[in-house]
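The two complexes that follow have chain A in common; it is paired with chain B in the first and with chain C in the second.
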Partner chain A sequence: MEKFVVVALNSLLTAGLYATMSYGLAVIYGVMRIINLAHAGLMMLAAYATWALNDRFGLDPFLSIVIVAPAFFLLGMGLYATVIRWLPRSSAGPSMQSLLLLFGVWLVLQNLAYAIWGGDTQSILTPYTMESIPIFGGRFGVPQILVFVVSILSLVGLNLVLRRTYLGKAIRAVTQNRDAAMLSGVNAGQIAAVAFGIGTAFAAMGGSMLSALYAFTPDFGRSFLLKAFCIIVLGGMESFTGVAVGALVLAFIENFASAYTAIPVSYQDAISFTLLVVVLVAAPGGLPGLWRLLDRRVVAR
Partner chain B sequence: MRITWWAALGVMLLGLPVRAQDEIRIGAVLPITGKESKIGGAYKQATELAVKEANNAGGVQVGAKKMKVNLVLLDDTSDAAKSAQLVEQLITQDKVHAIIGGYGSHLVQAQSVVPDRYGVPFLSGGAGATAIFGRSKWVFGTLSPVEHLAETQMAFLDDLVKQGKLKTPLTIALVTENTEHGNDYAKGVNDFIKSHPGYKIVVQEKFELNTTDYRPLLQRVAEAKTDLFLADSHLEDFIAMHRTYTQMGLKHQMLTHGARGSDTAARKALGPATDYIFASGWWSDLLPYPQVKEFNARYKAATGIEPQWYNAMGYETVRALLAAISKAGSTDPEKIRAALAGLKMEKSIAPGQVLSFTKTGQADLPFVVTQNKPGGKVDLVWPKDSKTGEPVAPIPAK
Partner chain C sequence: MTGLLRRHPALLPGVLFAAFLLLAPLFAQRGMLNDLWNMAFFVVLATAWNLLGGFAGQVSLGYSAFVGIGAYTTVLLANAGWSPWLTLPIGAALAAAFSVVVGLPTFRLRGPYFTIATIGVGEAVRVIASGLEFTGGSSGLRMPAGTFDFNANYYAMVVLALLTLALVAWLQRHAFGLGLDAIRQDIDAAEALGVPSTRAKLQAHAISSALVAIAGGLFAVNFQFISPGSVFDFRLSLTIVLMPIVGGMGTMTGPVVGALLFSYLQIKLLASPVLRDSYLFIYGGLLIVVMLFEPKGIVGLWERLIALRPRRQAPPPVGEVRRAS
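Our next item is the complex of A and B:
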């Protein structure tokens, strides 16, 4: 029983980490129907920005989110205005142009980081980096707990903004039906710019927090991008609560498969991608789609 | 019109190789930018320094004359396909007499198929994977096999048992990255155990590079309750894994991450949690040989930095190639290859002090073992005749 609780708690913390790095991807996909392949590059850049703030001013990586996220919001808006807005619009799904363009942006960011910081491995060591708290017989890292708390706070904050503010309602309107939103007077172009800014700020928030957990180089972020992609597909691509649930499902499957089966731990990524394929084939709408389908069947009975 | 003719004549004269037969043309392809740029850049620095020193000394004695070395160094941007293509370019366009291989087993593996096609000697100082060697008579390497790294670590542990610091039977958690390097390391440990009773691997796992969550892996290690934790990891994985390891409160009598441990970046990222970790390497600046002390001082004077193993092995690779060319007495590829195969370079800065190659073309030098001590100190603890401090075993409880 103790093992079960420890594995469950660890899954929860892992889910917090996974959700944090996926929100930004979901915001941008929801509004603009593009998969931000530069997401990993933005996380990496934010990790370096956090490291620079820590190195120069001794600023804590979690506190530095207050500076890094708004700065990246502006960077995202700038990126939208100069590059993204010229992409041909597609309501059906991500266009090849958008994938290629954002992959190109990722490469540019990566090489920029190599040019500025070189290939040296960087990391941030805080007084609590190696600390842990004993809970139910297991020991859980303080940084992981902080990531989980920030993840929950950001989910609540994001949902409040989306439900209680005009901006949030406009984002949801464009996410659900761009043409109808425009007919209702919503400036879809402006909303897309803001959404790209928010998505970039979330990527930055993820990067700042990841810098407190991992060592990084300009190549950082690739494995997180792949996981985040699985999570948003699982979460239904555009629902933030869905993203949180998707992160939870993936983290639980990974951790319990390792704890209670003989499947080698190195198959962790294989589990993610098998899940991705199964969801894409069986329930393209992700978990929310599956839920709606089951709900309709229950009502029909 | 007259100016045009003069210009054409000038271009022709400038374009002609200036007594090209009197120089040794060495090609090198290194990852100077991209993912491997940190160590690739260090190899570049060491390679250029070795060539500069040879030229400052008047060149390399080849037969009756001294020949200057002309180094053509290209950047493969850490891209394997480009790396192989650039080696081909050096051979076909720059007509080099020999090639210095790159850094990183995956890059060198891609490069290593080209020299065989053209019959040009190829010497790498930055790849330890055994799969690269033994397939072509033209391919040589100065890094000993990674398997031997693991065997050296096991021999070191076995010696601690003989000293009474550790007691058999010892159970092992063996955790390796899912790469050629990791597989070679695991093979080395397994091979040693086959011929040495008293050791048992209780849990053996692989992990992918840049794993996002090490807790499931370490949970298995924790449940196995082993005496020793032997891992083989890249720097980023070592840092992430050891942070989780420390947070989980795991403890073992001895702990290693293969070649990782004493790196400045790791000690900065992990603080005192790296104390007593032991690591193996192809070289250490703590080696007590006079030529190493001399090299350390010379390298620092020339570059301003303390040499690391990659600086030393990059430098020694060039020296080995030039020694072979001198021994061959010719720039003929076949003669250089034969000289490399039979090379026995004395007073080498490499561990063991004699650099030579086995039948597969790979060097078989002993590895060194270092152990981190509190306060950022590092001691060379193996080979025994070179040690600068006593190994501490088991790791003291804090």
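Our next item is the complex of A and C:
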């Protein structure tokens, strides 16, 4: 029982991080119907930016989010204005062209990082990196707990923006129905630019926090991109709550699989990659789709 | 003879180039032959991928799995006492079988979703292969001594490249290739016209993965050492995808141009210490440019240039009429 609680708490801590790094992918998909493969490259770049700030000025990785996230918001807007804007708009789902274009952006970012910082593994060491706090008989690392707190704060903040401000309402409107939103006077192009900025800022937040937990190279981010994609598919691709639920589900499956089954920890990534394929094939609507399916059966009976 | 040449404009340069490749060991230095081997290797990968990715429009980012299956089959069987040559068809068969296992679920997905799923499959294969005992883990495996004969391997790779080109060109001109083209343009319309789309995709996947696996086996013989990090690498998967896309997806010449450009850049850039790790930078930039301005890549750009030049009579290129979309 004690083990169960510890594993569950661990999953919850992981889920916070997963939700933050996935939300950027979801908002860009929702507003533009683009699968942002450059997300991985942006997370990696943010990790390096955090590392550079820590290395030069001794800035704490969690404090540096205050600088890194706004900077990446601007970077995302710039990326939108220079590259993404020129894509032909597709009404029926994401196009191959947009996927490959962002894949190109990812490659450029990744190899830029190789050129600037080289291929050596980097990591950030803070005074509390090795510290841990005992809770319910388990020990939880201080960085993990900080990551969870920052994730929850950012998600609550985002939720407030989405529910209370004009910008948030416009983003949700474009996500639900682009044409109807434009008919109501929403400037969809501007909203897309801002949404790309927000998505990039969330990628940066995810990257900064990942850099406090893991060592990284310019190749960093691919497995987290796949996990994030798995999460937004699980969550039904567009909703804010869906992302949170998807992140919880993936974190619980991963943690419980490695705690209670014979699957070795080194295969933990393979679990989420396989889950991604299974969900895409078996339940393309994600959990909301499954829920609707079950709901309809009950009503039909 | 002239009629044949007019119908197949690529035939004459193709035959000359093939003759050059086959006769090269008579006069060329070892270093140059090594470069040619490298080019032929990439031509096989790019052309085979193009069968599924270019003609049928199913962009897969998981092809390193097939290189890995071919390479590991060769190394493991050679260490069990087999002749390396006999291991190549086994590797091809295993890769084709695996391609069907992967294809059956993933071909239900369309467009970008299929691409993402193939990244998932490729990465899962890499993670699992790195953890397995018989792959040598992250330290890799060595070929048994005395299996290396550069000239034989050179000829094998060149012949494989030529056969791949001939096979794909032949397939493209027959009902199978037309079916794949129809799938790329509109899968529902293709189904309605009687193209068995899933079967055609599975067949194209199996053929191209078998060819890639044979190239993987020859890769193992040539380098005598493989590890999951070298043959199941994601960078290999994306190299395989980038060559045909930058060269020109869905054309015969595109993947060859892309492969030649890629191997040339790789050979040149690997020599410079600054760019050794970041040579894909150029390809990423090219990918962005291609996607924004000319989705048919270098070949499409070339065709546009040709079209710009005023001509008295410009007959439409024969092979291209039916692929107008």
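In this text, the second predicted complex is superposed on the first by the 279 of 301 C-alpha atoms of A that agree within 3 Å, B and C clash if a C-alpha of one lies under 4 Å from a C-alpha of the other, contacts with A are read in each partner's own complex, and residues count from 1 in each chain.
Heads up, the rule we're going with is that contacts are C-beta pairs under 8 Å (C-beta built on N, C-alpha and C of every residue); 3 or more make two chains touch, one makes a residue touch a chain.
Treat the numbers as computed from the prediction; the structure is a model and nothing was measured.
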item: Fit or clash between chain C and chain B when superposed on chain A; value: clash
item: Touching partner for A:E131 - first (chain B), second (chain C), both, neither; value: first
item: Partner chain in contact with A:S95 - chain B first, chain C second, else both or neither; value: second
item: First, second, both or neither for A:F273, with chain B first and chain C second; value: second
item: Chain B versus chain C as contact partner of A:L107, first or second or both or neither; value: second
item: Which of chain B and chain C A:S22 touches, first, second, both or neither; value: neither
item: First (chain B), second (chain C), both or neither touched by A:F229; value: second
item: First (chain B), second (chain C), both or neither touched by A:V281; value: second
item: Contacts of A:I35 with chain B and chain C, given as first, second, both or neither; value: second
item: First, second, both or neither for A:S151, with chain B first and chain C second; value: neither
item: Clashing chain B stretch [against chain C; choices 44-52, 134-142, 242-250 or 350-358]; value: 134-142
item: Contact residues common to both interfaces of chain A (with chain B and with chain C); value: 111, 114, 118-119, 218-219, 222-223, 264, 266, 269
item: Residue numbers on chain A that touch chain C, as the complex places them; value: 35, 83, 86-87, 93-101, 103-108, 110-112, 114-115, 118-119, 218-219, 222-223, 226, 229-230, 264, 266-267, 269-270, 273-274, 276-277, 280-281, 284
item: Complex interface listing, chain B residues touching chain A; value: 33-41, 178, 205-208, 210-213, 215-217, 219-220, 235-236, 239-240, 243-244, 246-249, 265, 268-271, 273
item: Footprint of chain A on chain C - complex, ascending; value: 57, 59, 105-106, 108-113, 115-117, 119-121, 123-124, 127-128, 130-131, 234, 238, 245, 274-275, 277-281, 283-288, 290-292, 295
item: Chain B contact footprint on chain A (complex, rising order); value: 6-7, 10, 14, 17-18, 111, 114, 118-125, 129-132, 138-142, 144, 213-220, 222-224, 227, 251, 254-255, 258-259, 264-266, 268-269
